[in-house]
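Below is one structure; the comments refer to it alone.
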């Protein structure tokens, strides 16, 4: 069995007095594609902030690539092989498309993902390489954000809400790129509110609800009913 | 004719102000950080040049060979060990720490060098001038400083837009948090930015020492000039900073032409006028 | 399964603060009677302490509560001082009346100043206020009637007519100084307890990134700025009523009226009512020891302030109050578990 790429045991997180996560057990194995689904405020983003070192996680025993994450700043985690597509894309507005991609390669680890390969993956970006990052459509911006994350040749790619605010046809295009990324051995975790998309690409799914993992399993093994309950909570079920 | 002359001299003076301002502009751009002690660092560099000239008898201009890398190193170390600790959501710590530094530097300089006014003697360069049309003369030193400002700003611009480190500095200026997710260490990037800004401070300090009288108390006024040039020009635009410096220099020269007591006041009033009429400055950075 | 429900009571005063208000009454009384127990030299120091407390409270109110870090408070000190001189010399007002009018006019003058300065935010606001103070300093140097660059003394006749005797004059200045110090504390307390206080705390705690202010926040900041300017102007008038001589450099001195004030507030504890008082008292104690050290004294003050800012950003009072949970001036509403009313649901 392959080693876990990222593992948490009983992870908790607080914002001041407010507890956002209550003991999350999570594991992703090398080569897997995992989807984390859940409603707004379920703790998905907090979880990502914790495992990327943006939130303090001292003594929580998170391991990434077999090493503890405790107190390691984000830039060190990137050097170890983590890359993130942040929620809202967060392109650098004063940089061109190509410059945004190059910033992603600030800590290059391998040699597979180059500018040319990113442009092969998303041909439209090649045409717009000299445009300002924020002059693009939402879908194209999302492509830049994914390309930028790939430029470091990550072992683990975290994608936060990559379908947010995009038209269904655009979402389909973006999701179509994930299998190609996966072919090169990259482990992928997508955090999604769009359950249909997430279930279509994922090997396994974790559903978060109010800071807990409410359901986990292979998409094929889960019924629609189970997922709805895990997603919305029991109260919705009877409504 | 006097008025034309005042404007020409003001433009040249603006070059010095642009040198004062570009370090401040760069640091604010990258770190959203204003160093209140900026003017005092300029004065510190001037005293550094004074000490070197006193010890070696070198021609003042050559002191830059030591002062510029020396200031860059000081900036790098100062940012890493002191200023990085102050940066965060709250604007108070960096403001108050650098304000404290400003008072400390002024008083240390006062203890070491006394309140006496100083100036570096630049010999022939001070008196040499180029006659141009209509009996106007352009002093060689003001011209040298102005051309240096053009070179420094052009160099900074090239560095920011043509090199990988410059690209990361611009990205940091856009979004500090996301740049960390790209694997960049903010603490180190900030130290680079301060080192570069401090190198420019070194150049500005040596030129100031050659061009004007200085004493330990003149730092805050240089900070205000630098600040005014940055705001007049528009935040985040280095060429705007040059324009701001020139407008400030011309306003001061015209003020001085009216009455010597009006020189500084006229500069401040020009700044307030721009602030009221066009708070985003004259050449703000274009954003998509 | 046991579910404990606790009842909370909201209260403003704590036992310590109730004790403190009793002590405060005693202190006010003792200070008011100081002319009968203190010598003229001590009165002079107390006057200085009082106006520094007022300046420190106002700076702390701006920076600690309203998020307005000013390096230009000397603008209002100088304006208050010059207005007092102008009103007494050219308006023929009794200096105490002139003092009150000077404070009011300073507050009014702060309004247009704020409209300009508020175009800048954060650190740029700080330097902007400094530029404005410089503009005032250079402008007053251009008025020959007010002594130009070298300054002017309050004419002997006006000084003589102020009170029956030189001692009487000193007493009068003393009581006014005492009143200003307490008025400044009362102003801060009243503001913090009002609905403005809540608004200010909200402004302070909002992320600095959200720099686009709502209309309400803008008005609150404007009001606080103007009130602080008025009180600072009043203090400025008093300062130069005691000194009897004013010049642009003394009136608009950044190191006397802003740097030292900032240092005392930072060391004492920013964002509290107690901190500035503690800071000013420490400052005067230190001055007794180190007054002859010249510029080393300022170097020392600056260094202590820098170290405080780095390692104890809430100052001495912050350290004390977090350790002992003390609050002498009841400002915040506190939640307390009411031990009498605790029901248990089985």
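In this document, chain identifiers A, B and C correspond to the written order of the chains, with residue numbering beginning at 1 in each.
We take it that a contact is a pair of C-beta atoms (placed from the backbone, for glycine too) under 8 Å apart; a residue touches a chain by one contact, two chains touch by 3 or more.
Everything numeric here is computed off the predicted structure, so don't read it as measured data.
Taken chain by chain, the contacts run in an open path, each chain touching the next and the two ends left apart. Inter-chain contacts peak for the pair B-C, counting C-beta pairs in contact.
Farthest chain from chain A (centres taken as the mean of C-alpha atoms): C.
Averaged C-alpha coordinates give centres for chain A and chain C that are 51 Å from one another. Averaged Cα coordinates give chain A a centre that lies 44 Å from the centre of chain B.
Separating the CA-averaged centres of chain B and chain C is a span of 33 Å. Multi-chain contact residues of chain B, defined as those touching 2 or more other chains: none present.
Taken together, the chain A residues at the contact with chain B in this complex read 52, 54, 73-75, 78-79, 83-84, 86, 90, 92-95, 99-100, 102-104, 106-107, 132-135, 148, 152. Residue ranges of chain B in contact with chain C, taken from their complex: 28, 32-34, 36, 82, 85-86, 89-97, 99-101, 103-104, 107-108, 110-111, 220, 223-224, 227-228, 231, 261-262, 264-265, 268-269, 271-272, 275-276, 279.
If you check the complex, the residues on chain C that touch chain B are 63, 69, 71, 116, 119-120, 122-124, 126-128, 130-132, 134-135, 138-139, 141-142, 149, 207-209, 254-255, 259, 262-263, 266, 270, 294-296, 298-299, 301-303, 305-306, 309-310, 313.
In the complex of the two chains, the chain B residues touching chain A come out as 164, 167-168, 170-171, 173-175, 177-186, 285, 287-288.
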